[in-house]
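Next come two complexes built around chain A: one with chain B, the other with chain C.
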Partner chain A sequence: MGRGKNNVLPGFTPALGYTIFYLSLIVLIPLSALFFKTATLTWGDFVAAVTAPRVLASYRVTFGASLAAAVINGFFGVLVAWVLVRYRFPGKKLIDALVDLPFALPTAVAGITLASIYSQNGWLGRYLEPRGIKVAFTPLGIAVAMVFIGLPFVVRTVQPVLEELDQEIEEAASCLGANRWQTFRRVLLPTMLPAILTGFALSFARAVGEYGSIIFIAGNMPMVSEITPLLIITKLEQYDYAGATAIATVMLVVSFFMLLCINLLQKWSRCFAE
Partner chain B sequence: MSIEIEGISKSFGTFAALKNVSLKVPSGELVALLGPSGSGKTSLLRIIAGLESPDSGRILFDGEEATKRQVQERQVGFVFQHYALFRHMTVFDNIAFGLTVKPKKSRPGKAEIRDKVHNLLKLIQLENLADRYPAQLSGGQRQRVALARALAVEPQVLLLDEPFGALDAKVRLELRRWLRRLHDEIHVTSVFVTHDQEEALEVADRIVVMNEGRIEQEGTPSEVYDRPATPFVYDFLGSVNLFHGRVHEGTAQMAGLDLSSPENASAQHAPAVGYVRSHDIAIERDGNGSGAIKAEVRYLLSVGPLVRVDLVLSGSDRTIEAELPRDEADRLQLQVGEQVYARPRKMRVFVEDYQI
Partner chain C sequence: MVGNGLHKKERKGATVTEPAWVRWLLISVALAFLALFLVLPLAAVFTQALEKGWEAYLAALTEPDTISAIRLTLITAAVCVPLNLFFGIVAAWAIAKFSFPGKSFLITLIDLPFSVSPVVSGLIYVLIFGLQGWLGPRLQEHDIKIIFAVPGIILATIFVTFPFIARELIPLMEAQGREEEEAALTLGASGLQTFLRVTFPNIKWGILYGVILCNARAMGEFGAVSVVSGHVRGSTNTIPLQVEILYNEYSYAAAFAVASLLALLALVTLAVKTVSEWKMQQTITAAETER
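This part shows the complex of A and B:
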């Protein structure tokens, strides 16, 4: 595509060369080092390392809590986006800005804050614990932290799609006899769905990779509330580099497949875009 | 179904969009609401559809009160200027939408829906595009799909909001003739909004001219064009020249001419304005007889089959505009700067009080 003397955009060769060099340096080399380090293990050792009961438990906690958090965000994120787009109210700009806060806040700060308000003596924890709802230092706390950091992903992907939606589309549906629910299910939801799925997947991916905000609230009990990234750190601290990279490799492959899914979803959502 | 509008008023904030509007649309007619932007025509259409509710007044469908009816119950088909098609659905699904959202009891079967949609596709001449998405259609095709979608539910009333406004000139012309023929076939009571006087004159059975939230005149296209009731209608429909003067007991004095104005028989030395359409001004070389004004040709411009002549009245620097058929202009062989006589063939005089 870029070849030929009459190309309108000059500099194809140096631009592509630089891009590949840069991507190699920043992304590919570190990631391949991960695989090489893992390759020092035998296949048997590798399987043993990534399927140890404690490791399997951490997958369950990480992916289970991430999935739950992404589902919650998928629902409430759409609600927040809907309110921000559809209604006018005082302080709307402020709320709009608040949505981005989980992006910007250092994750450790978020983690400490969440841990302190949900702990036994915290603002919320002191009311929840007597009722038998234990949030801090349980998988539930992990999910809460993941919901916190994942919310902006859903809101920010759904918001522009909602803004683009013409009021006339809904008016057309109601003129044709559709009630509010039918209009939402048949007209609005299908239009928003690709964006909701993308937001869901992004929020899920972020939750799987999250470390800083979770370790404070998680309690980190092996087999119960220990997340996979923490397990990697633990192994590194025990100088078990190969074991750590083996688990990291599994995470890497899973992340890659998730990103692939996100891209496919985005491609699908462009299908009927004008 | 006939529509009766009784004393409808509607304000948006401090802006009064409609001021006590009453109108009757007889069953089976195609009526145009014509007016400049901000005249309230779209608000009136949306109130008929139930997309807006009036501040006061009533809407009657076939003599039955419908003011409080929900949009869904009104059985109106609404066509939007920007089509408002469901972009995630194919043409087929768009047209079928109104049938598939019906309550279970009255919803037709799958085969029946398919037949109906195919008949509509045939009607809009897009049979082979059933599986396309709206993004893959041209503007004219999209608007036809929107019309078919509205017709699928067999509405009692068809409402069209500037249906050809977003299309280019040629498609617009084709589509409005097609709409006229379609209406002759299906005879559903239709109201359409437009700011294009030519469109209204060509398509509608009756025209309702609106201005500043009020109805200025309603009548057949030839009534509103040939006998405008108010200066506004005169101004809005076609190009027009204004003459200022006085009217006294049925005789108007304008630009040095005495003209009879029987409709102002009771006027006493009242200041008045005379309206003459550009094509009602004849140009003559010699000013024999009365009723012609001496003038100088300032500018000539051929526009298609017509020639536009700008004339400066002698003794003043007022300019009037005349339109001649091409062959008439060829016969006269007018030159810029030469002296001619302009004869108003038809003038309508309004006493100044009525002026907007």
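This part shows the complex of A and C:
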């Protein structure tokens, strides 16, 4: 197409110019500050800062809980999407709208609420704790908060794919003698897989960076239930700017890597759709 | 990244389905999961907010520190949302109505703030404007305070809400193509007239959708704001930070009372979002039938 020959619409140059200007001002220049600050550290200092035992423990907690939460969301997200697309039941529209609650509810509100529900005297905690299941102030609580904030990502990526799916393929499979479970596993699941993985990755990426909904329920014990974003804040409060920056750089590189994976997954699902 | 519901299609009379008991089992498990993870927390906010009765609830909301937190949150949203709205419309115009090399890379860059941890989003502004930062010493000479002050809160909020509106408008405007605008221009309308009379009516529900999500995040952002705010009571606390302070002081009822304001905002957001999704769908279907 090109903008020259057949596009008579005005305003391309100023619009693109302003887009790049505002993007640089708000996002690119501030983000580059992080890398410039990291570059002032020596390699040895950087490695020491990002591989200290307490930092390594925080990676384990953050990535471990994020992975667990993403797996739970992958399973239940697909189930919720399936139920919302395929079945009819009373209150379906309301529930469909409610799925986005974790996007709309501020993280601090989610955090204090989850902490109170799962604490010793909370609505669920009072039944769970006597049975030896401690959720609040343990890594399990971190995973619960991550399930909450990550759920809509899986539902909202799988749902449109299920809606677009042609039921003729399922009819064909059943005509050829496949039972319902075989049809689901051999025909539907492979088609949904790119979307499921995209949702899984989005939910994982969100959980890794999450702060607000976690810190209230986590207990924040160093080496046990301290997440990496909290460690950045702790370092900042101790005026350890170099340490905070080094850990933040690791987090940012992980986010970039996740973003790359998600983009590739989305390209893959588009290939599937066509 | 946030599903924009452009592809909703009601499914009628599926010919291939599961036995009834499997259907009801799946529905029950899904609903139980949602009840546990979504409905229960929502109910808990309001229950605990009203635990000590309406009087205590209203007293918590009219406390001076809370009022000043509400004021700061409103100011922050009032600055961030229009700036990001203007950017969103301009960026969507450039990206959706024209083709140029590097377009998908540009979209990825616009999405970037979604994938950055809120804590890192706050930190980058500390590194620029903080006392140890690039501009810190010079700002101090002129007695300008950005970090641990309102401008820092606004900057960090602009960063985290940056992609919302552009993200919604780009696919919507791409779906609508540019025939209508071309027709208007051929008939002699100016560029601005074309935008206001032709483009705007087509994207107004998309704008509302983006604005409401951007606003919800701007009012509710916690991590990024927490890094740059300095937590000065009555002057640099937004509503979410006020909730944190009250909670950490063990004034649970007051914390949940203030939190219930944000939960109400979330419910309003969901309602407006659902309506604008529905309206966007109508606009698109109408455009498709006209063609």
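One rule holds for everything that comes next: the second predicted complex is superposed on the first by the 258 of 274 C-alpha atoms of A that agree within 3 Å, B and C clash if a C-alpha of one lies under 4 Å from a C-alpha of the other, contacts with A are read in each partner's own complex, and residues count from 1 in each chain.
Quick note on the criterion: a residue touches a chain if its C-beta (ideal position, glycine included) is under 8 Å from a C-beta of that chain, and two chains touch if they have at least 3 such contacts.
Owing to the predicted nature of the structure, the values given are computational and were not obtained by experimental measurement.
Chemist: Do chain B and chain C fit side by side on chain A after the overlay, or clash?
Modeler: Here the two partners, once superposed via chain A, fit next to each other without clashing.
Chemist: What is the contact status of A:Leu140 with respect to chain B (first) and chain C (second): first, second, both, or neither?
Modeler: Touch status of A:Leu140: no partner.
Chemist: After superposing on the shared chain, does chain C or chain B touch more chain A residues?
Modeler: Looking at chain A, the partner in contact with more of its residues is C.
Chemist: Considering only touches as defined above, state whether A:Pro160 meets chain B (first), chain C (second), both or neither.
Modeler: second
Chemist: After the superposition on A, what does A:Thr191 contact: first (chain B), second (chain C), both or neither?
Modeler: first
Chemist: Which holds for A:Glu171: it touches chain B only (first), chain C only (second), both, or neither?
Modeler: A:Glu171 sits against chain B and chain C alike.
Chemist: For A:Tyr87, select first, second, both or neither according to whether it touches chain B, chain C, the two together, or no partner.
Modeler: Only chain C is touched by A:Tyr87; chain B is not.
Chemist: To the nearest 10 degrees, what angle do the lines from the C-alpha centre of chain A to those of chain B and chain C enclose?
Modeler: Placing chain A at the corner, the angle measures out to 90 degrees.
Chemist: Touch test for A:Thr107: chain B only (first), chain C only (second), both, or neither?
Modeler: second
Chemist: With both complexes overlaid on chain A, does A:Val224 touch chain B (first), chain C (second), both or neither?
Modeler: After superposition on chain A, A:Val224 lies in contact with neither partner.
Chemist: Could you say whether A:Leu23 touches chain B, chain C, both of them, or neither, answering first, second, both or neither?
Modeler: A:Leu23 sits against chain C, while chain B stays out of touch.
Chemist: State the minimum pairwise Cα distance, in Å, between chain B and chain C in the overlaid complexes.
Modeler: Minimum over all C-alpha pairs: 7 Å.
Chemist: Both chain B and chain C contact which residues of chain A?
Modeler: Common interface on chain A, chain B vs chain C: 171, 174.
Chemist: Any idea which chain C residues touch chain A in the complex?
Modeler: Chain C reaches chain A through residues 1-3, 7-9, 11, 14-19, 22-23, 26-27, 29-31, 33-34, 37-42, 44-45, 48, 87, 90-91, 93-95, 97-100, 106, 108-113, 115-120, 123-128, 130, 132-134, 155, 158-159, 162, 178, 181-182, 185-186, 191, 194, 213, 216, 219-223, 226-227, 239-241, 243-244, 247, 252, 255-256, 259, 262-263, 265-267, 269-271, 273-274.
Chemist: Considering only the defined contacts, which chain A positions touch chain B in the complex?
Modeler: Residues 166, 168-169, 171-179, 182, 186-187, 190-191, 271-274 of chain A touch chain B in their complex.
Chemist: In their shared complex, at which residues does chain B touch chain A?
Modeler: Counting only chain B, the residues touching chain A are 49, 51, 71-72, 76-78, 80, 82, 84-89, 97-98, 100-102, 133-135, 146, 149-150, 152-153.
Chemist: Using the touch definition from the top, list the residues of chain A that touch chain C in their complex.
Modeler: Listed in rising order, the residues of chain A that touch chain C are 1-3, 7-12, 15-16, 18-20, 22-23, 26-31, 33-34, 37, 76, 79-80, 82-87, 89, 93, 95, 97-114, 116-117, 123-124, 147-148, 151-153, 155-157, 159-160, 163-164, 167, 170-171, 174, 180, 183, 202, 205, 208-212, 216, 229-230, 232-233, 236, 241, 244-245, 248, 251-252, 255-256, 258-259, 262-263.
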